[in-house]
Structures are given as structure tokens and as C-alpha cells.
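Consider the two complexes below, in which subunit A is the common component and subunit B and subunit C are the respective partners.
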Partner chain A sequence: MGEKIISKINLEDEQDIYVKRGMVRAEFDFWVGIVMDKFYEGLQNKQFIGTKCSKCGKVFLPPRNRCADCFAKAEEFVELPQTGVVKNFTVSNYNVTERRVRKAKEPNMVGLIQIDGADTAMVVPIINTNPDDLKEGMKVKVVWAKNIKGHPNDIAGFEPVGGG
Partner chain B sequence: MAHKVQPAIISCGFCEHASKRSDVNMAELVNEAVEDCIKKANIDWKDIDAVINGNMPAFEGANMPELWMGDHMAAKNKPMLRVTTGGTTGGSVTIAGYYSVASGLYDMVLAIGFEQQSCGDTTVGLASVGLGEFTIFSDLGYTIERMRSNMGGGAAIGIASYQAMNYMRRSRATEEDLARVVVQNRRNAAKNWWTHLKMPSITIEDVLDTPYISYPLRFGMVCPASDGACAMLITTEEKAKQIADIPVYINGVASYSNESAILGIDCAGAGQVDPCEQLGAMKSAEVAYGQAGISFPNKEIDYAEVYSPFPNQELMWVERVGLFEENKAPEAYQNGVTALNGELPVNCSGGVNSTNAIGASAMERPAEAALQIMGKAGNQVPKTVHTALGHGWGGSINLITHVVMSDEPQRKWR
Partner chain C sequence: MEKVGIVGYYQLKPELDIMMSPYEAIFTAVRGALDSAGLKRKDITTVVTCTNDYYDGKTISNCFKVEAGGAYMKDETKVELDGAHAAAYGLYRILSGNHKLAMIYGFSTPSCYFYEPVRILELDPTFDRTMSVINPYTTGGMQMRAYMKAFGVNEEDIAKVAVQNYKNCSKNSLALPEAKKPDISVQDVLDSEILSSPLRRLMYPIPCDGATAMILAPERQSLKITDNPVWITGMGQCQETYYLGDRDLSISVSMEKAAEKAYKRAGINDPKSEIDVAEIFGHTSCEELILAEAAHLSEKGKGAILLDSGPALNPSGGAMSAFTPCASGLTRLVEAAKQLRGEADGYQISGAKKAIASGQVGFCAQNNIVFVLEGGG
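Here is the complex of A and B:
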């Protein structure tokens, strides 16, 4: 083929094809679909929008169009209150950014929060309290972010009702 | 090989395919096909014993998607298995469903193939498939820059263009012959409800008017990238008779993988230099027909669905799987033998050339073939179909799946 064929053994003195590095850019999207779009639209109006199963009446938040238990359609949208209950929680002392992990100044509290009237729970930050006061079953209410743009970060976190 | 329990297909479901199904997320997309399938079978979702699913790994940037959409697959608290074999995923999922029922382990199995290609970067996914090719290029001493400039000869279109060149040299097929296949497929797709590229009035001139992507394949000849899903219910003979009007019995399955010289790892393929030779397809066809008791496939097969993203492959596959004599397929297409009302209709669903949701494509072939036997296909052939073939192709260029089905169970006297 008119080209010098480089074998693996002679690579050192020839062009080293194995250590050349190139960047491959891979972009991935994720369609949220009509149902989750309604949820984000709700956040924009400071509302929680869930769906209700047409058969067993279970309420899903975040919404889904199919009941997990009875495989029936769950396409009725319902508005849910701004308060909920801590079902479970954890405390982390580290901050994770894109580049590094470092010790946080204040511990991060994350909880599995079930909005009143919903049968499912969401993982969201718990704020304006301290880890010692956290307990399962405590009442919380939502704190909205300053800039609302229809994004998961619109929920700044949940704080205890009545200051804990 | 005779099976212990006779498996039968009772229902096939699809969701609508398009280039961007942004109205649903991946789980909801799959759910549409599952619901369609269960509804058409008229059974309760609780009657399903096990679920087998698969899609192309890494195409949507989501690994193991079955773990977060189990409920959408009607798989809550049921055994679930994932099978992925690249382009043949759907075919392998169908065969895994067949094995589950034939072995007597499960009575009713739901098989699902899906792909939401608009979510991801297909080229990145294909790079993992093209590993063999990268290895070869490195072994030949190509630099990464030269490799990149040679990528026109890589990925699916590259493989297909080598195949097309070899096939055209062997059979003296012309570009018009390739365009004729495309026209037949896209016109068929226009009559089928779930397909992607519906072109009811496309002509050969229209296809030949588009620019080359990689000679001899033109833009108008290449399959689209689709979002879609397909589901299939496989059950035992006894249950199938109770549920379906016309159960479709799976009588023969085979999957073969043969290395080619172009894509064997480290150039160490089986020395099959000609990519249109396809010994794997010939061997798997022979084995599947043998199981089904078919001696003369060109006479006994009434309908065929072959996996042909590129038109030259359709001509090649119908010959390699024994439906036509070697190099005779272009003539058959010219004479309308493979048309909707022809003697041996091929790809009346529109084929992969019109709709390609990769993880679903190889399942849509046996599914559409089964629907033709049931008489429920979107683009139903006028003649009665007794025996049909669903074929899948993928891996690199080498993995083949075959499913031979009939309206009669496997002959017991064999």
C-alpha cells in the first residue's frame, strides 16, 4: 500500500500512535416528556403538580403517566400543597463540585420528602435547621429559590414548619 | 432440535416511530408499545410471567435503562432479563423469549426492544461497536488523524458501501436497482401506521437525485434514525390457542456470528474478505429452516422481513437466506415478485430502510412477519401467509438472528 507498516514493537522510534490523545465530544439529551413538562411548568408557578391513578387513586409526585401498581393510566393532573413530611434523611459533610470534593463549612442535609396528599417522595435538600433537630416524620414546607425558571433547582429546599 | 414446549406469538405492539419523540421520555415510549401489545392480546398485565428487554447500549447515554423503567414495562415484581447484541438486539430478545417458553420455565413472556436515538449521540455508541475497526487501523499504523479521515470507511455506512460495491460487482446490480428497493420500502411504509419515513409517491428518479454519502450509497437510500419501541408476547401452544385467533408458532431460531477479515479483532478474522459473502446468514438460515422442517425456503416461505438499513443489503439478504438464487434478487425486484401483491412479498412493513429504532428494529422484523400470518399487519399482503421469516443483522457486520414462524406447530414426527 506504499506506506511503511509500523509494528507494535517498533513503535518507540516511529510515530507513536498509541499515546496520541484526542477529545471526543459526546452530547446527550433527555426528553422529559409531556407529563414531566407539566411538573416543571408547575414549579414555574410555585406549584406542585402530580398525577393520579385512574384505578387505585394513588398520587405520584413527580408525576408519571402510568401507575406502578395497577398498570392503569395516571393522566389526571392534581395540584398538591406546599407542605410535606420527612420520611427519611441523611447528612453529608462534603461538598462535591465538578472538579473536587471538599469538606463543607456547614453540613448538607438531604431528605426523602413526601408532599401531603402524595404517595411518593422526592429527594430534596432540607434547609434552615441543624442536623440535631432532624427527625423522621417532621413537618416541612417548601422554600422556593429566588430565580424561578422551571428547573429542578427552583426548589431551594424544605424547612421545618414553625422553625423546627 | 425439537423444543420441549411449543412457543407461539400471540400479539405484537408498536409505538409510533419518529425522528424525535420529545413528547415522551424513554420509559413512556416503551410503555406505549407495551400497552399496545397487551391491549391487542386482551390479557391482564398480571398474566405475564417474565419480561425480557433490550436496546443498543450507550446510544441514549443511559446505561441499564431497564432498571428505572421496570414498572413501565409491566415488570413489577417479575423476573426481568436484559439482552443486548447491538443491531440484532431485538432478534436476540425474541430468541431469548423463545428459549424462556420453550424450556418450560415461563408460560407467558413479554419481549421488548426499544431505542430513543434522539436522546443520544449515535456515533459515540457506534464507536464502541467499531472497536474492531480501530484495532485494525492501529495495526496498519494509521495515525489518529488518518483514522479520522478514513471514518468515511467506518461505522455502518462504511461497511454497507463495501458490501454494496462487492454485491454490485457480483450481481451486476445498478444504482437503479438499489433505488428500486428504496422506493418499494418507503411506499410500503406509507401504508403502515407506526413507521417513520412515509413517502407514498417517491420515485426512482427522486432517490437518484440525492447526493452520495459514501459511494454507491446516496442520501435518499440510507435508513433514518428513529425513536421507537416494539413489544411481543410469547406463550405456550395451549395458552396461545385460548387467547389468539391465529397463534403464530415459532418453529426455528438461530443466531450466528462469524468474523470477517475487515472486522475481526486484530485482523484475525476468519479470512472472509468479501463482506457480502455472509456465511453466518447462510448458516443460520440453514439451521433455522432445519428446525422448522423447511427444505425449500424459496417455495415454502410466504413472506419475509429482512434487516436492511441499506438497499443493497435487502438484495443480498434475500439471496443469502435462500429466498432467491444468487444474483437473481435485482431481477425479482424489477419484476415485482417482492411487491405487496407479488409471489414472495418482502418487507411490506417498510423495513429498516424506512424506520430504524436500532434496539427495536430486529424485533420489528419477526413481529411484522407474525402479524402478516395473523392477518393483522398495517400493510397486509392480499395472499394468505402460512410461513414467514424474520431476520436480523448487527454486531459489527457479522451477527445474524433468524426466526422462522408458521401458523402450524413444529412437526412432531421429525
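Here is the complex of A and C:
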């Protein structure tokens, strides 16, 4: 676990304060469920698979198996196109991981992108464009990663349609 | 709703890196709250703790804090949301008729962990966590862009909220020293670095170490303890969907519903004119406006008007004054109670009779909770 007791120096009154530094690590498997399983399978075939509510017909991407409004099953799979619209975006100067906050070398472009035919949007990276060129309503298409593994990281990001 | 009284409280002075162990900090807050009400540990019948396993680096984070929190050999439970939710648990326990005195406390020391990275663990592990683009900065940025676009609000208006908070902090003796900026200008906020566009550094409160404790009692008991209780006359809570892409980030439907429930219970028909003070926990200056508007304190998109007229918005400095995870919402409750008791030394809103206080958890305030408080005397 790599835990140790270390001393931290309190400069103000030159007194050593002992603190315990450790890392909590818990291995865990998340069973993704049939809906996300299908979604990952779609990624493997470079496809977006969403789900449709059996009652109101709302299409979810990322998919989920229940509609919040109807409290009904949303287990009908729908194949969606690879293009969408930027509903919202932000350009971040920081990389935030589970471990650290670090100043980013290049600004990170992040978009709330609604795939055509879906009623919900997902938060994904935007790539191959300049932060200054981003706008809401911009048409984008998915860029697949080089090695497809049936994993969320198969989505390298979204780029403007037409190189933008 | 039967009245429940706030009869005592204590806020530990927040610091970036507090020279106290968790147990000293919690003990100081809990002991301080008891002393403020002239009570003893034996008077407590239930303790509601608000801490977080991830923030504490251990599971069942409350189990190791029993003695410090005054819970030894008593009914005790934990809520892992905001301190304001712990207050709701305390309220339920009092209203159940089973308890005469509830000690509520919220505590965290973000100097011991990385706040923003730990928030990543809040994300859906099957998709969002792997994409690693959602974090408090990017969500704050998108929320601000959505708000500005929907209502044609400019950056200056949002910067003004931050300026007022920093100025208010300078009058609040319990505000984080780093947030006391009496001479800050709108331009200073607009010149601060961009965390995630359009959100800037000075629109985002600094996570700091702290602990806040508050005591609740039933009406009769409250009157025996103090002749100056503050009454909780209404409370409402609402949970929004997790998915940011399902929500309209320019507004907060869950805050609106929570506030409406609280107002209904408290018999408030026109919050704009009836509420004197609003202590709102916004995770950014923009979110503070969105939540204040959702609580019907102003029209949507016009929240900046509260800086000049209407209910006083965050006279304590709001989340900027003490952004302690697990305690922020509880601190808002205590600040609102102080206003109603006339104890807000240096930032007292004269004649304050009714106040609201809010807490929240989740990205872009997924879950909101609102309390209506009234001065008793």
C-alpha cells in the first residue's frame, strides 16, 4: 500500500508535525450492464449504439436502460450516426486526473456533443481544431482511436466536419 | 411542519492547511456548539456526521470520529453528501419524536487530499471516468457558458458576484483569510487565469480545511435551551439526473423544486419580498446566480440584481468564505441563523427575519437542498 509516516515541517514555529501519508487503493470491477456492453460492442465496430425509451421514444447516448421521466425500460437499441452538434463547450487549461491537477501543455477542448438522432448529449474531447474556432451549433464527427478495443477511449474525440 | 429550533452552532475558522488533527477540529466544533447553547454532551440524543470516505482516505469515515463528535454510546449516523443534508437528517430525527437534541457536524481537510482529483471518482466509471474530461473546472465552464448564452449575461456580471463575495468575506471574521479581498475589482476577477473557459480562477472558491457544528431541538426543548432560537419552518430537497447532457445547465430545476417545497411548507408565497437573507452554496460565482434565481429570488438571468436590491445574497461571502467539502452547506445554515439572531458581527443585515440557506452536491449542483429559517425570539 506504500503508506509511511513522514514529518512535515511547520515553518512558522519550526516545529515538526508528523503526518501519515498513504494511498488508498481498491481494485474494483464494475459490471457495466447489458446496455453499456452493447455500447462498447458498437465502439468495436466503429458504431454508436444508443437506447430508446419504450414509452416516450427518447433516444439516449451514452445509453442507459431506464428513462428517468417515464420510469420505463429503454432497452431498444438504436444505431446512431457518427456526426453530431456541439451543444456547449469549454477550453480548460488544466488536466485533472484521479491523482493530480496539472497545468495542461495544450488547452483541452471539451464539448457537450449531441449525436444526430439522440436526445441527450455526452461530454467528450474535441480535437483537430483551434479553441478560437469552437462555437455552439458546430457540426462535428467522431475521430476513432488507432487501436479499437471496445472501450470508451476508442473515441479519440470529435472534430469539426470539413476540417473546420 | 412542526417547528424545529437551531439552538447552537460553532464554525471552526477555515484555513488552507489547518494545524489540527481531524479529531481536534471536530471536537472543537462540537464542543463549541454545545458551549454556545449551554449544553453538555449528555444532552445530545443523536449525532449526524457529514464526512466522506474518499476525502478521509478510509471507509466508514464516521466510525473513527465517535469520541470527537460527542457520539460515544449514542444514536449516530452519517450522511455522505453536504452538511446541509446532515441537517435534514437531524431534522427528520427530531420530527420523528424520538430525539430531543441532534448534533450535526460537517468536516473535511482538503489540505490532506486533492479535492478536484477526488471529485473524478464521483463520475460514472463505465464511461465518463475513462474519458477524463469531466471535472469541477470543465463543468463549471460549461455551466457558465450555458447561463451566459441563455440569458445574454456577460462575464462582468458574474465577476461582480465574485467581487461582492470577496468584499463580504473581508467583513466576516470567520472567512478564509485568503478570500478576504476588500479592494478587489471586477477587472481583477476578469484578469485572473482561465480554469476552463469562461470560468476564471477568482470565480471559484478555494477548498479549505474546516468543521462546522449545529444543534437542533424540538420546539419546546428549544425554548427551554434559549430565548433566541432560530426556527426551521420549511425544507425541500431535490435530486437531478447525473447526466450533464440531459440537463439544461443554464438553470437548476432541482434547486427550483427544492425551494418550492421549502417555501410551501414555510407558507412563503413571494420569496423576493419575504426573504431577507439568502445564504446560497454555489460552487462557482455563476452557479450562485443560477441557484439564487432557481430559488425565485430574482427572475431567471437577472440574478445579478440581487447585488443591489432584494434579499441580501450571501452577506457572509458565501462559499468563497469557507469552501469546506462536507461543511459548506451547513455553514450556510449557520450563517443564515446568525443573521436572524443578530449575531453577524460586521455583516449584519438589519431587521433580518426570514432567511433561506442551501446546500448541494454533485457536478453542476445535481442535488439541492433548501431550508427556510425564521427568527424566533
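Just so we're on the same page, the second predicted complex is superposed on the first by the 132 of 164 C-alpha atoms of A that agree within 3 Å, B and C clash if a C-alpha of one lies under 4 Å from a C-alpha of the other, contacts with A are read in each partner's own complex, and residues count from 1 in each chain.
The definition used in the following text is that a contact is a pair of C-beta atoms (placed from the backbone, for glycine too) under 8 Å apart; a residue touches a chain by one contact, two chains touch by 3 or more.
On a predicted model such as this, the values are computed, not experimentally measured, just so you know.
**Q** Quick check for you: in the superposed arrangement, does A:101 touch first (subunit B), second (subunit C), both or neither?
**A** A:101 sits against subunit C, while subunit B stays out of touch.
**Q** Kindly classify A:152 by the partners it touches after superposition: subunit B alone (first), subunit C alone (second), both, or neither?
**A** Second partner only, subunit C.
**Q** Which of the two, subunit B or subunit C, is in touch with more residues of subunit A?
**A** Touched residues of subunit A are more numerous for C.
**Q** Tell me which partner A:92 touches in the superposition: subunit B (first), subunit C (second), both or neither.
**A** Touch status of A:92: second partner only.
**Q** Considering only the touch criterion stated at the top, classify A:68 as touching first (subunit B), second (subunit C), both, or neither.
**A** The answer is both, since A:68 touches subunit B and subunit C.
**Q** Which partner chains sit in contact with A:123 here, subunit B, subunit C, both or neither? Use first/second/both/neither.
**A** Second partner only, subunit C.
**Q** Would you check which partner chain A:30 touches, where first means subunit B only, second means subunit C only, and both and neither mean what they say?
**A** It touches subunit B and subunit C both.
**Q** Could you give the residue numbers on subunit A that contact subunit B in one complex and subunit C in the other?
**A** The answer is residues 17, 22, 24, 30, 32-33, 36, 64, 68 of subunit A.
**Q** For subunit C, which residues count as touching subunit A in their complex?
**A** 19, 54, 57-58, 112, 114, 116-121, 124-138, 141-142, 145-146, 149, 193-199, 241, 243-246, 249
**Q** What residues of subunit A sit close enough to touch subunit B in their complex?
**A** 3-6, 8, 14-15, 17-18, 20, 22, 24, 26-36, 64-66, 68-69, 71
**Q** Quick check: in the complex, which residue numbers of subunit A touch subunit C?
**A** 10, 17, 19, 22, 24, 30, 32-33, 36, 39, 62, 64, 68, 87-94, 96-101, 108, 110, 112, 114, 120-125, 131, 136, 151-153, 155
**Q** Please name which positions on subunit B make contact with subunit A in the complex.
**A** My answer: residues 20-28, 31, 45, 60-62, 71-72, 74, 76, 116, 118-121, 124, 127, 138-144, 148.
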